[in-house]
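The structures come next, written out as structure tokens.
Shared between the two complexes below is chain A, which pairs with chain B and chain C, respectively.
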Partner chain A sequence: MKIRNKPGGVLGIVAAASIVALSLSGCVRDGAGQGGGGSSTSPGITDTSITLGVTTPLSGPTAGPGTCTVAGLAAYFGAVNAAGGVQFGDGKKRTVDVKSYDDAYDPQKSLSNFQQMVADNVFAVTSGLGTPTNRAFRDAAISQEVPQVLVMTGDPLFSDREESPWQLGFVPIYQNEGAAFGKLLAESGAQHKVAILSQNDDYGKGYVSGFKEAIGGAANVSVVGELTYEATDTSVDAQLTQLAASGADVFFNAMSITPLVISSLQKAQQIGWKPSWFLPSNTSSPTAILQPGGATAYPGIYSVSFSKAPQSPAFAKDADVVKFLADLKQYGNYPDMPAFPHCMWSYMVGATLEEAFKKMTEPNRDSFMTALRDIKGLQAPLMLEGTAVDTTTDGQPAVSSVLVQKYDGRGYTTAEKFG
Partner chain B sequence: MGTFIQLVVDGLATGSIYAALALAIVLVNQATGLINFAQGGMAVLSAYIAYAFTRLGLPLILAILIAVVVSFLIGAVIERFLIRRFEGGDPDTAVVVTIGLLALVTGICAVRWGYNNLAFPSLFPLTSVEILGAVVSVRSLATTVTIVAIMVALQVLFLRTKLGLALRAVADNPSSAALSGLPVGRLLMVGWGFAASLGAIAGVLVAPQLTLTPGMLDTALVYALAAVILGGLSSPIGCVVAASAIGVLENLAAVYVPLVGHDLKIAVPFVLIFVILVIRPQGLFGRKVVVRV
Partner chain C sequence: MRTISAVLANRSVRASLIAVVAIALIVAPLILPAFTNQTLVRIGVYAVAILGLNIVMGYTGQVNLGQIFFVGLGAYVAAYGVNHDWNILLVFVAACVIPGIVGLFVALAAARLGGLAIAMVTIALPIVGVPLAKRLDEFTGGSQGTSARFTDAPDWSGLYNDQWQFYIVLLVTAAAFLLARNLVRGRYGRSFGVVRENEAVAASMGISPYRTKVLAFTVASIFGGASGFLYLAAVQYTSPETLSFGHSISLVAAMVIGGAGSITGALIGGAYYVFVPQLTNAIDPNLTAISQGAILLAVLFLLPQGLVSLPRVIRRLARRRTAPSTPSGKPPQNSPVHHPTTEAAVREGLETQRGKIDHED
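Right, the complex of A and B next:
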């Protein structure tokens, strides 16, 4: 499987590029016809139902979070449909169907999934996880005027209205998260030496640039070591050994690969390096990562979040959490305690879409996009106090406010200050 | 200096993962003359089987032993009913079959256990000891010791026992072996069975560190193949030495050669292969294959 990946990389890019080119040149005329200008009815919506499509990894190493991006959405709309559906802005009541497509985190597959979705009459593409996979069909979605909205990528490109007229990201962009960490550290008042390990792509670079910007003026924070790794690496032991020698007391690990984060947590404590950790929101799961990694050995594990953590005792009796877990079990085909925040995120995507549906006055994509870009101050279920959905700012995703969280041994609680 | 030693030790630990898989590949090659690309996938399946038994409440060591036995049977059955049909034909066809098998086995694991990372319990504790200023985890130390023990056992099996001689004879020349009265079919099954058992051990040794997923050994397989080519297809010792060397050199090159860095280190074993194959086509420890015309 992976064997094919390495030599095939360049070929893959060429192939993907030519498919994009083909779809651009070949499908523009189609797209204009079915796009949804004026007061016509767009594909995927009838008087009684609307169809959403999700392309996301349901197999492969990212399948855990990927499965969650479908489960939460299906759970949300499962419950809504059971209650009769959504009252749309045009006065009609519709049920919401969610179709999922597996792309295995492979850009070529996500592009062909997109074409399949167009053939299957999907109204809008949503919730899918992955920067390269979402990028792969972004151009095609624009030319065919199909909404690709509230997707799970921290890439700022998707929230730039000029560049991406039919797109909108859902989760905070990487820079938002990195900046939240940097700000917390800069405000701590104490001296800190920071070691940084980041994935050698836009994901890692985004985190690091946000972080560095935030500590820019702070005299109390210095970066003493900065290394990278490749997403395909099986071990980062050498990097950790090198960074441990820098004597840093804070470790910013901008890493998106689950097993590598676990083994990093284990390795650093083995070699006697016990800094405070900053981990991205998508790789800081208490059950899937911190517990197997033995995270309690460190003075502090920090992450950022905008969603309540169902695992945390603090939220065990929270009304949102109780309903969410019940919906997830009944409609999301996900009976376990969610191991990844993507389950909560996609549930919120459901709530945000419902809000847009309520506001859209005509059954077409134009009206949907206008409605979607006009949501402000929406406290979706499961959102933490102090965060909200705001789709009105150009350049920012639907959720751009995050709170730094500290691991308490079981779940996360909001950290007002570092230490 | 402390960092240097730590890097070497880390490299040996990583190398032991590659070595475990490389040994299984050498075993199949020695016993059947094939390169089995599905070896990693089969090892993962074995680890899942062990995992399933631990979930039934069995003690870990018992679950592993059962997985080793079951894997032997699976290996033998695969040889008898799948690979047998392609033996004696074009070896390239058989190799492609093993690649197909890799995809199939990975798919089976995914269907049964899903793609989530499962925590696999370790036989050895996560504590560490200090040797020469470097911190060595008991887990990777024990993994290395186990690998070396298996390597010695294999070396003895192939070079000092009748079974080993018979296995080599069958791999080398099936028709002559059959003419001298060796039960070729059964020996081929035994070879695949042994390799699958060895893969099972490799799988359960590395699963705690990599966490159990269907694609757990995909990248390791690339390194293991590099180690096999580098060390020589016919030499258990060679592939273990090569795997360790790859692990160590990769780490050192990443840290001390600025041009390589952590991002290019995967190229290190392949540059090594290129250089060494030009000088010694049979690999560092391999025997030269002589073909009479």
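Right, the complex of A and C next:
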């Protein structure tokens, strides 16, 4: 060994390191990126462009709808940018950039993506799918004063202004959907016996509570059977057999698991129970669920929607649908017919954001939130007649009006009344 | 190369090196940008989880696919404690002890089963854990999860939140690594090694394989719980998604990539777990699954013993280039995974380990 062990070498190194440490600690980090308030310009917006961020599942089991939440938004702003951009309320014309981040439906990753977005100077986070993934960075978004708006979750927390000053949900909360169907049933006038099957969590409970509230005063609707299942169950055959025995003519099925819905549709036919069905908007896809489930065997399959269905023949020549599909192909990197409604929803998110941009008078986040909370009666492209964006009501998401739809063998058409 | 390791062997040099690293770690958060701190914090969180996994899998050789369950349990316990205004130390202790007790009970039953049966039992943990977390919404907040903020920097500190979190995570992670290092280098570490190589030999030496496995499993659960506490400190939110089975597999992959049976490997594994999603996101957010798979395969093909073996591989290549005829003189000092099947090899492995320990003292 050829090292000389100088006495005091250790001390020397420690001393040197301490000097370095002390001098480094003198460099105080600047507070850039913290906070977006005030009348100054916020991060992520320049005189010519604005940057939006989306964290959403782009891999894993929820990648299908997740990809759609980016594709629709990119399609909308791709077309807008090609036409020159958005005329903002402060008089400047800006193009809109959309940056996407994959969180694989993992809350920890969505928080990481949010922190990355702050470092990447994103003006606002939008359109991302998922309750846990959006909740994971909700607190951080509030403390950093970064807008987290028009996100795809039915969780009412995001639309509570006191609790969530920098948030706003986009899609109707679960209760809205259940209530819309309950109202239709109550108004039908005929006698109905309803069997309820729901997922044993706040998803299922939300649907059921909305439904029950709506049929509360109606004498013609009675609930004859109510059962639950677990989200991890692989079969609900036992529950279906039991509910079939109740003789119900209407089956309210608040189920979020795609394969389970298909097997339920098949099983009920096998045991000879053919009621009218209600299915939630996210598990009522004509191609992915109703066709394999053989849904035409039932007198009616009802769901709710606020968007036009591009796959339905009724809308094949609709101007909105034609433009949407073209934009999706050209700018959204999504050449197929959308299999999930999230593609349409995120396209509407684009339209809603554009409206807010047009109204915001200063290039900062405060002004943006004020403008965003002041949109009423906006008929975004692809929205069904009778629904509209309304961001002015506390406790409600941007879209709270839904229309009950009836399956016509290929797609959905609006059901004016039950039956 | 030889001189560098000789220098490192010198006690005072090593002590001063540790001092420099410690000072660097303490000063770093003050100058680094917020995002870097937040990334480092997450690395600490997962390094502790992987460290626990390493003790039971890397050192003791028992397949554990349920580590994420203990992380999630620790996070839930911590969230419950924080939301009920427990003292923060009590929260930490509970977040370690409760997963530890659960781990002990699971291990008491599972360690009786041999080989792959333990893996089966551990698979069941996250699979049962997710619906349980959804079901027990009184404690867990149901499928919407629960938020718990307790790591915002207090006013007197004058720090940003990310800096404060960094120090909390640094404290716990450093303690965890120190404890783990002492554990695996001492008597228990040696019995872990023997049980991994051959249970019959272990029994003949008076080491109970059953007790050793239970101990390793329990220690791993405690580390999992500590990691869960850190998870809550960093993310401030937990939900049933936290303990989904897929993350458990990712943890195992990160451990193998870092280096099974190596303390440093656990740290590298934590860095891998955090960096790779960020990296693949930067490449193309639509192709994260494919690019993560490609990186995983590339590392395993090039460095089958994990990233921790990189310096050794470089050294070997360098030696081969300078003196191609000389066979390697002594066995690798810190070989993380060797699979000697014969008894003699076990003894040799033991001796290397013992030699290492003597060398330490």
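We adopt the following convention: the second predicted complex is superposed on the first by the 386 of 419 C-alpha atoms of A that agree within 3 Å, B and C clash if a C-alpha of one lies under 4 Å from a C-alpha of the other, contacts with A are read in each partner's own complex, and residues count from 1 in each chain.
Convention: a residue touches a chain if its C-beta (ideal position, glycine included) is under 8 Å from a C-beta of that chain, and two chains touch if they have at least 3 such contacts.
Source: prediction; values computed, not measured.
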**Partner chain in contact with A:Ala190 - chain B first, chain C second, else both or neither** = neither
**Partner chain in contact with A:Met337 - chain B first, chain C second, else both or neither** = neither
**Request:** Applying the touch criterion given at the start, work out whether A:Gln266 contacts chain B, chain C, both or neither, answering first, second, both or neither.
**Result:** first
**Asked** After lining up the shared chain so the two structures overlap, which partner does A:Thr258 touch, if you call chain B first and chain C second: first, second, both or neither?
**Response** first
**Message:** Between chain B and chain C, whom does A:Thr232 touch in the aligned arrangement: first, second, both, or neither?
**Reply:** both
**Which superposed partner A:Gln116 touches (first chain B, second chain C, both, neither)** = second
**Prompt:** Is A:Val322 touching the first partner chain B, the second partner chain C, both, or neither of them?
**Reply:** neither
**Prompt:** Between chain B (first) and chain C (second), which does A:Gly60 come into contact with in this model arrangement: first, second, both, or neither?
**Reply:** both
**Item:** First (chain B), second (chain C), both or neither touched by A:Ala297
**Value:** neither
**Request:** Could you let me know whether more residues of chain A are touched by chain B or by chain C?
**Result:** C
**Asked** Between chain B and chain C, which residues of chain A are contacted by each of them?
**Response** 1-3, 58-60, 67, 200, 230, 232
**Message:** Which residues of chain A touch chain B once you look at their complex with the stated criterion?
**Reply:** 1-3, 6, 57-64, 67, 200, 227-230, 232-239, 241-242, 245, 258-259, 262-263, 266, 270-272, 288, 292, 294, 339
**Residues of chain B that touch chain A when the two form their complex** = 2-3, 6-7, 10-11, 13-14, 17, 37, 99, 102-103, 106, 110, 114-117, 119, 126, 128, 135, 137, 209-211, 213, 215, 218-223, 250-251, 254-255, 261-263, 265-266
**Message:** Under the definition above, what is the set of chain A residues touching chain C in their complex?
**Reply:** 1-3, 5, 9-10, 13-14, 17-18, 20-21, 24-25, 27-29, 33-34, 58-60, 67, 70, 100-102, 104-109, 111-113, 115-116, 118-119, 131-133, 135-136, 138-140, 143, 155, 157, 200-203, 230-232, 333
**Fill in**
Within the complex, chain A is touched by chain C residues 3, 6-7, 10, 12-13, 15-17, 19-20, 23-24, 26-27, 30-35, 38-39, 42, 127, 130-131, 134-135, 137, 142-145, 147, 149, 152, 160-161, 231, 235-242, 244, 246-247, 274, 277-278, 280-281, 285-286, 288-289
